[in-house]
Every structure is written in structure tokens, then in C-alpha cells.
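Below, each structure is written out as C-alpha cells.
The same chain A turns up in both complexes below, where it pairs with chain B and then with chain C.
On to the complex of A and B.
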């Protein structure tokens, strides 16, 4: 276990550490020039500027919304799959997971066909007389949330399904025989037992959402509005790598803090459920 | 079922699997035996119709003539510049194909070696600007023109000027490139010049674009995206390159390209040779071949681009579609690249913020 962890740590940690060290070099170039010593100017510039802070906070907020939406929709889908007759289960699981096989840009373009000004949603709304002019659904934060939730929700489904499969299938029935109605059986028995799956799925979705580049770039508003698009711009357009590294480090810290906080809160409330059974 | 009498499983045993798997991994890890007498160089290219024409008229004839192999990597100009910066000592890309403004960055960072007529004889056949403007560290391959693309079925009369973009009829229907997208800097500088500014005084450009914001549907991030937005009708007019538009027109779409009366600006792709490449001789031959009369003519006719070789002539339909070299406007790219970081910051806050 220890040698494997050491190898993974080295292969993952070393490049990240190298990148992060750039953040402490003077900005404005593609070199990390430490001849005048390390500096905090990049961090001061980013953290002291409401423009950058807004971008980071907006990205954080967006990721939390995507995580919540993915968990809610994903959980319901996983429960439905769990209760499905055996002979359909495999097929339905493949149907849920199949989008993962399609590349993300292709899925995003698919959304453009639906949500675009001349897309199916707008055509339907106009034909039904509900709107006069097409709604601007694409290139908004809403479009990004839809796109990311669509892409990341299968991870919640898989993770929750794995936990649900370990619950005896007759447990909800047992609860109902003790007087719970159907909703209470799910809410008070199945849901708490699936918490480990929810936590694993939510963590994964959150981490991917907060750092995602492709979907916000293709479906979101113009410009560098989110952390990942801003970092990409710093590296590839402005060619200010220390500044980009500083923003990346801040994003990493924000992500880590949120995950630790979330796990801490959930862990405390559901400690008795988080152990493997 | 008693434990002691379990029959052995048919098929591969664990041991056989391990041996087979290890053998397969080792054989994959080693490269196939090198074909005798064939060198390989790595270059870069934009995908799509551009790539198809490039392969047909430049790469494949070159490979046949010199019995060599050219591997083309995909990506964006700025990624290739970043790659070349990081791998200066041992280049991954031998012949770097770049577009503005990354080609000027490459010149500033000396990522391409100085080319002489001894190295690349066809340099003498180029329009001088495509050699001098790169401080002799690269050669231009073909030029594209930056003008207005519009749908002919929008109900709005065809545009004639850059300032038509400001018309209220176009509210929410205009697309322009984001500043960091190809064509972005041309647009900003054009807007500045139309309102009394220049590369040294860019404020009028920003002011004009701020006034234009209500008309903008999106600041697009790539040329294919621009094409799609116009194709699907999310936008009816935008600033785009000519060759990308002709591709759609020839596909039967109601889309046209014009040179606005104030002029079209130039876009150019260039070839740079990494100084520490292991295949210097072949790289020089490749660059020479790419800018030769035959290759230039074939390629530019195929994608409706302007040739850089003086001897190359265009046939119809390219001949009447491609603006003549002396009619296109050249911004000062060195000033643009110098100001780029500050302009990008301003753009983030004032235009897309």
C-alpha cells in the first residue's frame, strides 16, 4: 500500500507542486524567475481584486448548484434503477451511463440544438404561443448548469447505485410493514443508508464541476467568466504563467476546503452510517 | 457443493493470463522496427477543410517526393507556442505552423531559427512582406482576409461597412470573436481606427465595442463556433475570415462574405523551424516545398486563401474571391502583442465582464 501511495503521490504531486511554485514568481512571463526571490504579488493581485474574487466565488456557487442538481436527479434515477425489474436493470444502467462514452463537446453541441435561438425548446415555446421571440437560453450560466449536470449526473447514479445494491431489497417492505408509508420508507430508511454513495458522488461531481473548462467555454457567456476559463486565458493568451498558477492554487485551496468542510459536516451527522456494512 | 471437488476452470488460468499480459505490454512498449531510410518530422495544423487541403497539396506530395513522413499535431496556435517554449532544448514540434498573434510571439521569443535563401530558396519568390515581417525567422504560408460574414435571408439589407454592425436592426444578432480568439485583435484595432484611434491609442476601440454590446449575441471562441452560430441563425452577421465563410457558401448556405468599404484585415499562418530540431535538413526542404509555386497554388485554390508566393496564380473561383494583397490592411502586430496582456485584462472587465 505504502509504495503504491508513494508512486501515485510522486506522479501526481510533483507536477502540481511545480506548477504551484510558479505562483510565487514575479508575473508577466512564461518563466518562473526566482532570481529576486519569491513574491506574493500574484496572490495579492488576485485576492485583492473584486473582479477575480467574483469569478472564483461565482465558479464555487455554480459548482455547488451543479452538485445539488446532480445529486437530486442522480439519486432519483439510481433509486428507480434499484427498484427496476431485474431483466431491465442492466439495459437501463447502460442507458444512463452511455452518455459517458460520448465526448463532452459533442454532448454540449447537442444541447445547443435544443437550447439555441432556433432550437427545439424555443420552437416548441413559440408554437405553443408561450413566447413571442426566442428565449436566450444558450450562452448563459443556466446553460452551463444544465450542461454540467447532464455530463456529471451519471457519476452520482453509479455511486449511489453501488451503495443501494448493498441494502437488502426487502428493507423498504419491512419498513412499510411497520407502518411507514411509501415516502417515509424511502426518506427514513433508504435515503440515510445511501449517504456514503451520495457523498462519494457529490465529491466527484463538485471537484470536476469547479475545474471544468469545456462546458463553460462552449455553453457559457462570452469571455473568461469562470475560474478554469480564466486560468486557461492566463496561460494561453496573456502568457502570464505565474498569475495563472496563482489563480489555479487559489482554486485548488477553495476546492479542498469546500470538500473537507462538506465531508466534515456530513460525516458528523451520519457517522454511524459512514462505516462499511 | 463440497469444496474439495471443484473442477478446474476451463480457459486461461491466472498464470497464463499474467504471462500473456506481460508479454503484450512489453511488445506494445517498444516501438515497431523503424522503416529504413524514412525520417519523420512533426508539424502542426488546424483541422477541418484547412487540414484536408494542406495534406492533399503540401504534405502528401512532399512525403512522396522525399520519402519522408510528416506527422501533424492538432490544437491551437497558443498551445503550440507554449509547447515550443517548454521544449526549447528538445523540440516536440519541428516545423511550427502558427497564426497571428502567436507567430509574432514566437518571433519575439526566438522560437524559430533565422531562415536564409540558402536554407529555403523559395524565400526569394515570396512577397517580401511575408518574410520581412517575421524578421526573417519564418515564412508566411497563405493569407486570409478578415471581413464581414452575413446571412442573405435575414431581411436586413446587405452590409457594406464595418459600422453597419451598430445598426439597431442587428440587436442581439451580431457575433464577434473574443479578444483572445483568432481575429479578436484585428476587430479591436479596426474599431479603434474607425473612431480615430490606433494600436497606440486603443481607447476609442474599447468605447466603440462597449456601445456595440447590446447588438452582440456572443463573443465566440473559435472559427468553427462562429460558423455554427451563423449557420443555425443564432446570429445573422459577424466578423469572420473569408475562407471559413466560402466553405459554407459553397455548401449551399445563404451566407456571404464581403470586404467592408473601410477595408479587410489580414490573417496569416506561418511556418517556423525549431532551431534544435534533429531533422534540420528535412525541415528546410519541407518549408521550401510548402511555399513553392505548385504547393501554394494547389493549397490556396482549394481553400480560397491568398498565396504568398509571387509566382503563384489563383484560378476561379478563388481568383475573384480573394482580395488582392495590396488592398488588405496590415495592423502592427508587434505593437499588438506588446499591448496584449493589458488589453486582455481590460477586455475581461469592460467588454465581457
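On to the complex of A and C.
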């Protein structure tokens, strides 16, 4: 245990501490020069300048959209898998989860083929006579939302399935025998019981979405338009490491706050559900 | 309503698999650009992919990196999991949280934190930087699957072996390790795939001669696309999915991922 803890402390703890300290160094270089003392200028610049602030807010907003889309699709799939015949359940679940293990640029590439100007989606739309010239789908915020939802949605399936499996399988039937129709049984019985899984999955998806780099870089508009691509730009092309460190710290704080909030909601309001089974 | 649900679920599965399948289709097309409908079929882009220096370099770098980080991380995780299962002490949950922390901290933050550290202590050797980073990525995945296997292991079997005269070490090698083998194997596959597929950490630690395959694919996608990138991507997709099925057989994919 000690060697493993030492590895994580040395390779994660110390580097992240260094990163946090960089955020308080004067900007404009790749050095952290504390000879004039620490400064808040990077944070003032990032949070006070609408250029940076808009990028961060837009990242948060798009991550919320991705989270909502992932919850809707993921919940539905989890419900379907929960109700699926036992024989096919394992296979159908593997089909949803296995793509999580494929490298993200590879998964994004498929969407680049589908959504490009001469891609399958545009060809289909034109053939169907719905549009005359190709829609600009690739290199837009919509493309990023689609790509990220594709990458992250399986996490919601996993966490919702975990809570659904604690519900007695005949509960929807019980609700229906008491007069609820199918939809009401799902909406009034199954859905509320699955809230802890939804919150856990949504928390995870949101946290990963706000700091994801690959999908915005490949599928988004060119230039640094999202938090992670902005951080990359500060570190690798404008070489303002303290500024980049400040943006990364803000991202880290938002992540931590989301996790605490998510766990808090699950823990406090739904503790009775977690303990019920 | 059942029909509606089935239709929606079919659409969701199409959403999951369409982008994976379309890459395979493009990789098998014979033309110089992928235009739909496909007019001729050929394996020529697979040949082109394996003649491409950046892909070959990336394949080599990613493979040795994923193999060696797994080999380093696995014993560390095994020791940690065994120790954590045996002893109770005050800061135990803090240690557990620390060991799982590489999963919680965003990859891009790990990447730049290691970039800053490597530049501070002047680690100019890119393979060293990458290996250190990937051990960090691999560790929690190994730890999680071993801990899961350990929880289901019957600890009295070890006491049995030792009461029958086996030394502590013999009991470890002949009883503990075989019992934990599914967890160990699953952890290694999982760690391998996470390392192999990583972008945001490696992004800041490579150099021109040591580029990973996902980064090579990304670079290729950012500048002009000929279907050789589809061929390389198809190979990555099919082998990753095959390993995922292996994970399912070993410990159950859900246990490994969730």
C-alpha cells in the first residue's frame, strides 16, 4: 500500500499542488516567479475578462446539455436493459458499455464522417429533399454535444442500472395492478426510485464533459472555444502557463463542487433509498 | 408504449454503433476519399496505414507504454489491495481515496500538472514522462478490479493452506494469486486499454519521436483525411471491443467499468 500511495502522492499530489501554485504566479511566461510575491492577477484576468468568462460559461452550458441528453438516452436504455429478458440482458448490456473502452478520437472520427458536409446525414437529408445544400453540422457546438453524449452516455446507463436493480422487478406490475397505466407506473414508481442513479450518472458526465479535450478539439469550431482547448492553448501555443494554471484550477474547483453537490444530494435526500435494499 | 420504447431503444443502439461502423465501412472503401455510397471495396488502406510512419511510431509507442505501465502498476495495486483488505487504521479511507484520485482528477489537469513538474525538475526524456503518467492512470483500474475479486475471495482458504504447512509466501503464490487471477487479468486488460486510448494526459508529455497512436490519429484527423486513418481506427475499435468481451468473460464488464 505504501508504494502505491507514494506513487500517487508523487505523481499526482505534488504535481497538482505545483499546478495550483502556478495559478498565483505573475503571468506571461512558463516560469512561476514568486520574487514579487503571489498575485491574483490571473484569476482577475480570467474571471473579469468576458473573453475567458464566456468560454468557461459556454463550456458549463454545453456540458449541461450533454448531461441532459445523456440522462434521457441513458435512463431509457437502462430501463430497457432492466426489463430485458434475462437471456439477452448480458449481451445487450455489453453492447452499450464496451464502446467506453474505445479510444475517444476513434469514436469521434465516426461522427466526423457522419456529420461532415458530404457525410451520410447530409446525403440522407438531401436525398429526402429536406435540405437543398448541406447543413453545417461538423465543427459546431451541436457536433460537440453529439460527440460528447456518445462518449459519456454509457456512464448514465451503468449508474441507473445499478439503482434499478435494487428495485424489486415486479414493482411496476404491482403499480399496474393497483390501477396505474404503464406510463404512470414508470413515471410515479420507477423513475423516482432511480433518482440516486440519475444524480450519480449526471454528476460523472458533467464533470468529465467540462474538462474534456478531444471532442471539442476534433469536432468543435476551430480555435480555443472551450475550457480544455483554452487551457491547451495557454500551455502549448501562447506559453502563458500561470494563466493556463488558473483556468485549470477553476475547472478543478467546479469539478470538486459538482461532486460534493452530487454526493450531497444522493446522500442526504435519498439515503433512505440507498439503504432500503 | 412498448413499441415506442423498442423503437427508441433501437435508435439509441444505432446512435451507439453508427459512428463505429461507419469508420469500418470507410476503411474498406477503395477510392481515395470516402464518398457515399461506396463504389468499390478494397483492403488497400490497411496497407497504407501500416506504411504510414506516424501510425507505426504511434502504434509502437502506445503498445510498449500500455504494456509497461500495466506491468508496473499491477504489483503496486496488488500489494495495496491486499494491505487494505487486511489492516484497519485511522486514515484508511483517506488512503483509499488517494489511490482512486487519478480517476477523479480530469485528465487534462493531470497532463499539465505533470508537464509543469517535468519541466521544473527537467525530465527531458519523453518515454520516462509518459511511463510515469501512465502508471498513474493504470493504478486505480488495477486496484478496483483486484479489490472486487478480493471481496469475493474466501480468506479462510489462505488460513487453510498455512495450517497445512504452507509458508506465507507459498500460500500467496499458490492460493491468493490463483484465486485473484480473474481480477488481476481484468485489471491488466482495463489498465492497458485506458493507457492505450489516453489523449489528455499524453498530450502534454510526448515529443516528436514518441507520439502515441491516439495522438497520431488525432493529428491525422485535424489535417486532411485519407481513409488510412479509418483503417487504423478500425483496427483499434475491433481490438478494443474484443478485449472488452474478454473483460466481460473474466469479471463482468459492468463490474470492471462501473
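By definition in this document, the second predicted complex is superposed on the first by the 239 of 277 C-alpha atoms of A that agree within 3 Å, B and C clash if a C-alpha of one lies under 4 Å from a C-alpha of the other, contacts with A are read in each partner's own complex, and residues count from 1 in each chain.
The rule we apply is simple: a residue touches a chain if its C-beta (ideal position, glycine included) is under 8 Å from a C-beta of that chain, and two chains touch if they have at least 3 such contacts.
The shown structure was predicted, so the numbers you read here are calculated from the model rather than taken from an experiment.
S.K.: For the overlay on chain A, clash or fit between chain B and chain C?
M.R.: Chain B and chain C clash in the superposed model.
S.K.: Regarding the shared-chain residue A:28, is it in contact with chain B (first), chain C (second), both, or neither?
M.R.: In the superposed model, A:28 contacts chain B only, not chain C.
S.K.: Classify the contacts of A:238 with the two partner chains as first (chain B alone), second (chain C alone), both, or neither.
M.R.: The answer is first: A:238 touches chain B but not chain C.
S.K.: Does the superposition put A:143 against chain B (first), chain C (second), both, or neither?
M.R.: A:143 contacts neither chain B nor chain C.
S.K.: I want to verify the contact counts: of chain B and chain C, which reaches more residues of chain A?
M.R.: On the superposition, C touches more of the residues of chain A.
S.K.: With the two structures laid over each other on chain A, which partner does A:118 touch: chain B (first), chain C (second), both, or neither?
M.R.: both
S.K.: Based on the superposed arrangement, let me know which partner A:217 touches: chain B (first), chain C (second), both, or neither?
M.R.: A:217 sits against chain B and chain C alike.
S.K.: Applying the touch criterion given at the start, work out whether A:18 contacts chain B, chain C, both or neither, answering first, second, both or neither.
M.R.: Only chain C is touched by A:18; chain B is not.
S.K.: Go through the superposed model and pick first if A:259 touches only chain B, second if only chain C, both, or neither.
M.R.: The answer is second: A:259 touches chain C but not chain B.
S.K.: Quick check for you: in the superposed arrangement, does A:69 touch first (chain B), second (chain C), both or neither?
M.R.: neither
S.K.: Between the stretches 76-84, 184-192 or 220-228, which region of chain C is in steric conflict with chain B after the superposition?
M.R.: 220-228
S.K.: For chain A, give the residues common to its interface with chain B and its interface with chain C.
M.R.: Shared contact residues on chain A (touching chain B in one complex, chain C in the other): 30, 109, 112, 118, 217-218, 235-236.
S.K.: Can you list the chain B residues touching chain A in their complex?
M.R.: Going through chain B, the ones touching chain A are 76, 78-79, 81-82, 85, 105, 172, 178-180, 216-221, 225, 228, 232-234, 340-341, 344-345, 347-349, 351-353.
S.K.: Provide the residue numbers of chain A that touch chain B in the complex, in ascending order.
M.R.: 28, 30, 51, 109, 112, 116-118, 136, 138-139, 217-218, 221-225, 230, 233, 235-240
S.K.: Write out the stretch or stretches of chain A touching chain C in their complex.
M.R.: So the residues of chain A touching chain C come out as 1-5, 7-9, 11-16, 18-19, 22, 30, 73, 76-77, 79-80, 90, 93-114, 118-120, 123, 150, 153-154, 158-159, 161-162, 182-183, 207-208, 210-214, 217-218, 228, 231-232, 235-236, 241, 244-245, 248, 251-252, 255, 259.
S.K.: Per the contact definition, I'd like the list of chain C residues that touch chain A in the complex.
M.R.: Contacts found on chain C: 1-2, 5, 8-9, 12-13, 15-23, 26, 34-36, 76-77, 79-80, 83-84, 95, 98-99, 101-102, 104-110, 112-117, 119-120, 132-133, 135-136, 139, 143, 190, 193, 196-200, 203-204, 213-214, 217-218, 221-222, 225, 229-230, 233, 236-237, 240-241, 243-245, 247-248, 253-254, 257-258.
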